[in-house]
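There are structures below to look over.
Next come two complexes, and both contain chain A; in the first it sits with chain B, in the second with chain C.
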Partner chain A sequence: MHIPDGFISTGTAAVSWLASAGSVGYAVRRVNRQLGERQVPLMGVTAAFIFAAQMMNFTVAGGTSGHLLGGALAAILLGPWAGMLVLTSVLVVQALLFQDGGLVALGANVLNMAVIGVLVGWVVYTGLRRLLSDRPWATWVSGFAAAWLSVVIASLAAAVELAVSGTSPWGVALPAMGLVHMLIGIGEGLITVAVLAFLRVTRPDLLTLYQKAQGA
Partner chain B sequence: MVEGQPRLLMRHSFLDRYYQSTSLVHRLDPRLKLLATLLFILVATSLPSSAWPAFLPLAALALVAIRLARIPLGEGLKRSSVALPFAAMVALSVPFTRSGQVVWQGSLLGLDLAVTSEGLLLLAAVLIKSWLSVLVSGLLVATTPFPQLLKAMRSLHLPAALTATISFMVRYLFVLVDEAMRLHTAREARSAGSGGTIGWRAKVLGGMIGSLFIRSYERSERIYLAMVSRGFAGEFHTLRPLSWQRRDSWAALLWGAVLAAIAAMGRMRF
Partner chain C sequence: MDLVKKRWWIIGLLLALIVAFLSPLASPHPDGLERVAEDHGFLERAREAPYQLIPDYLFPGIENEAAATITAGVVGTLLIFGLMYGLAWVLRQRTQSHGS
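This part shows the complex of A and B:
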């Protein structure tokens, strides 16, 4: 989903840079208010963790493989604001060091995956958790829905940017990106739920880092 | 990326292979290089696809800079393949959309398709733009050590929380990638990568990623304690501040003038 340079127009790039700069700036203020310096090594190592986790894959079918994008997972583990900074860092490093995603297009990629992807994951997860309250499967359903929607909506945002730029017509960009990511989202959902299930058995305290930081 | 090959350690020498060189490009101020790269990509992005003669001097400018930095070209060519999935989508939409001179017409699966010269021109322009952008951003990282780049970002007022997070990330990136590779190898050795149902394979991967997160979390705690015990109080200090030289001003002027001329050329009618 990383948009390279040259695929979105200057206007689209400028608007998405402004939107993501505003959101990331707000996230920085929220993170600084909460934990400050202690949060920095945690966010940095978690960003490296997301990058490494994205490289691990599992076979789906017919030579294709699923892997994690991690927006919803980062939001669930660290909360929306630290999660946003973590995903932004991942995208900056991917664009600068690995040329995965463009530099002028970085604003759009941050907006889609770090801002929209993380916020959608967070809102869906916490919303469903509250709605389903004590049911034993609440975590799994909310985790899956959060991860699936986070990927699908982020991909639709990318499709809108490509269509607005005139690179790809609406009739092609939206269904092509949407359908592909509805499938990718299933893998994302399965892995996210599996990670949450694993952590709940081994280190349940790590699932409430954000709530604890809020209380502190 | 890791499928099939039993690779224990991620190779990262490609990142810093050319840092030691002392070419003119290497010695320029990192702030200048960062802004110059962004300006180049901005000019490339904003060229209309009909302005193809302007792409020639743009490519020439990128090649001259790469020549001056004395780094091989092949690297950039290989990396530009990351644009392929998006290129496919543009290629897919070429027949449907652009109205204009029809180059090829036919029907496929009951759909009437027409490839227009305007559509092909758009595809070519998008590919050239993204390829040139990959070349110059490759040049930026090949000639600028990452800590310098971070220092440049900080002095261009990126928030400290973000640049500090990125610097920690880069520092521990390969440590964690190596751990991920070890988990991967262990799974391959037990052939859990291909057995069972999809749900089961996802569960195995979830366990691997979960334990990687626990290791990451515990590592970050150790790092923080080590920093505090060495007197960390929330500020990062560096020994060598950036210094803007006269050659940086000249390079900025020259680069800006050439790009301005190319941008103007792109707006002329051909």
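This part shows the complex of A and C:
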């Protein structure tokens, strides 16, 4: 859902730039105080994987495709602040080098996917984990729900920006973006759970790296 | 085994590169936002980027489309890894110098 230039108005772009710059600045300050030794390479690997996975579009329905956004995955592995920086880096490189997502619209794309996508993923995952406590399937259910909802809410944020800009009426943008991303979100959920399951089998310590760093 | 434990991130990076190598298999259909823009008549509002470096994830100067996609994917994956690793490393150094 990378917004190209031309889809949103200058005013919407400016407000989004301010909101995302403020959020990313806050994330830098938070990460600054709490980054563990192994979180440095984990941030690099997570960013590299999300970039590569974002190239792997999968068909959903009616000649439409989607791809992993990775906001929930990054939040689960790295916490919300480092996760926000990972998604922001991916989006900045995509806009500057790959002309994927506009330069004027970069603030909006960071706001939707790196700020809102990551925070929604984090809140839903930690909330559900607490609710489901020790049940063996808690990780998978929470991971899937966090991934699905992060994509749907991010797409609704994009729809709001399109509507505010006068590009598409509210009654069209919100349901159209929401519905197609409810389908794409299923793919996001499946990939997120698959990565979490792979890590549980191979390196379970990496799954709890952030919680451990918080407790220390 | 010791190497695998200490250098686990190399394996993670290799897995990301494998995904980049598979990227020519990606679905060619427009994504969710493009689909909505097409169906509801605002796709033509999209403006061309002011410059083009690696547009459409095709590395310029490579005839074969799959090879161009793979090259773009590998370059991007390595670049993102280096950038993120470097940034996180700098932030961690600052963490230590604060001594908290």
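Operating definition for what follows: the second predicted complex is superposed on the first by the 194 of 216 C-alpha atoms of A that agree within 3 Å, B and C clash if a C-alpha of one lies under 4 Å from a C-alpha of the other, contacts with A are read in each partner's own complex, and residues count from 1 in each chain.
Keep in mind that, in the parts below, a residue touches a chain if its C-beta (ideal position, glycine included) is under 8 Å from a C-beta of that chain, and two chains touch if they have at least 3 such contacts.
Predicted model, so just to flag it, every value in this text is computed and none were measured.
Colleague: Contact-wise, after the overlay, does A:V24 reach chain B, chain C, both or neither (first, second, both, neither)?
Modeller: first
Colleague: Kindly classify A:T167 by the partners it touches after superposition: chain B alone (first), chain C alone (second), both, or neither?
Modeller: Both: A:T167 reaches chain B and chain C.
Colleague: According to the stated criteria, A:Q34 is in contact with first (chain B), second (chain C), both, or neither; which is it?
Modeller: Second partner only.
Colleague: Using the superposition on chain A described above, determine whether A:H181 touches chain B (first), chain C (second), both, or neither.
Modeller: The second partner, chain C, only.
Colleague: Quick check for you: in the superposed arrangement, does A:P4 touch first (chain B), second (chain C), both or neither?
Modeller: both
Colleague: Examine A:S155 and indicate which partner it touches, taking first as chain B and second as chain C; both and neither are also allowed.
Modeller: Only chain C; A:S155 stays clear of chain B.
Colleague: With both complexes overlaid on chain A, does A:A194 touch chain B (first), chain C (second), both or neither?
Modeller: First partner only.
Colleague: Where does A:Q99 make contact in the superposed view: on chain B (first), on chain C (second), on both, or on neither?
Modeller: both
Colleague: Taking the superposition as given, does A:A13 touch the first partner, chain B, the second, chain C, both, or neither?
Modeller: first
Colleague: Which residues of chain A are in contact with chain B in one complex and with chain C in the other?
Modeller: In the superposed arrangement, which is not itself an observed complex, chain A uses residues 2-7, 28, 31-32, 37, 39-49, 51-53, 55-60, 65-66, 85-86, 89-90, 93, 96-100, 102-103, 162, 167-168, 172-173, 176-177, 203, 206 for both chain B and chain C.
Colleague: Residue numbers of chain A touching chain B in their complex, please.
Modeller: 2-10, 13, 24-25, 28, 31-32, 36-49, 51-53, 55-61, 65-66, 68, 77, 85-86, 88-90, 92-93, 95-104, 162, 167-169, 171-173, 176-177, 187, 190-199, 202-203, 206
Colleague: Residues of chain A touching chain C in their complex?
Modeller: 1-7, 28, 31-35, 37, 39-49, 51-53, 55-60, 62-67, 82, 85-86, 89-90, 93-94, 96-100, 102-103, 155, 158, 162, 167-168, 172-173, 176-177, 180-181, 184, 203, 206
Colleague: Could you please specify the touching residues of chain B with respect to chain A in the complex?
Modeller: 1-3, 15, 37-38, 41-42, 44-46, 79-80, 82-83, 86, 89-90, 92-93, 96-97, 122, 125-134, 137-138, 140-141, 146, 149, 159, 161-162, 164-173, 175-177, 179-181, 183-184, 193-194, 198-199, 201-214, 216-217, 219-221, 223-224, 227, 232-234
Colleague: State the interface residues of chain C toward chain A in the complex, per the touch definition above.
Modeller: Listed in rising order, the residues are 8-9, 12-13, 15-17, 19-20, 22-23, 25-33, 35-37, 39-40, 42, 45-47, 49-57, 69, 72-73, 76-85, 87-89, 91-92, 94-95, 98, 100.
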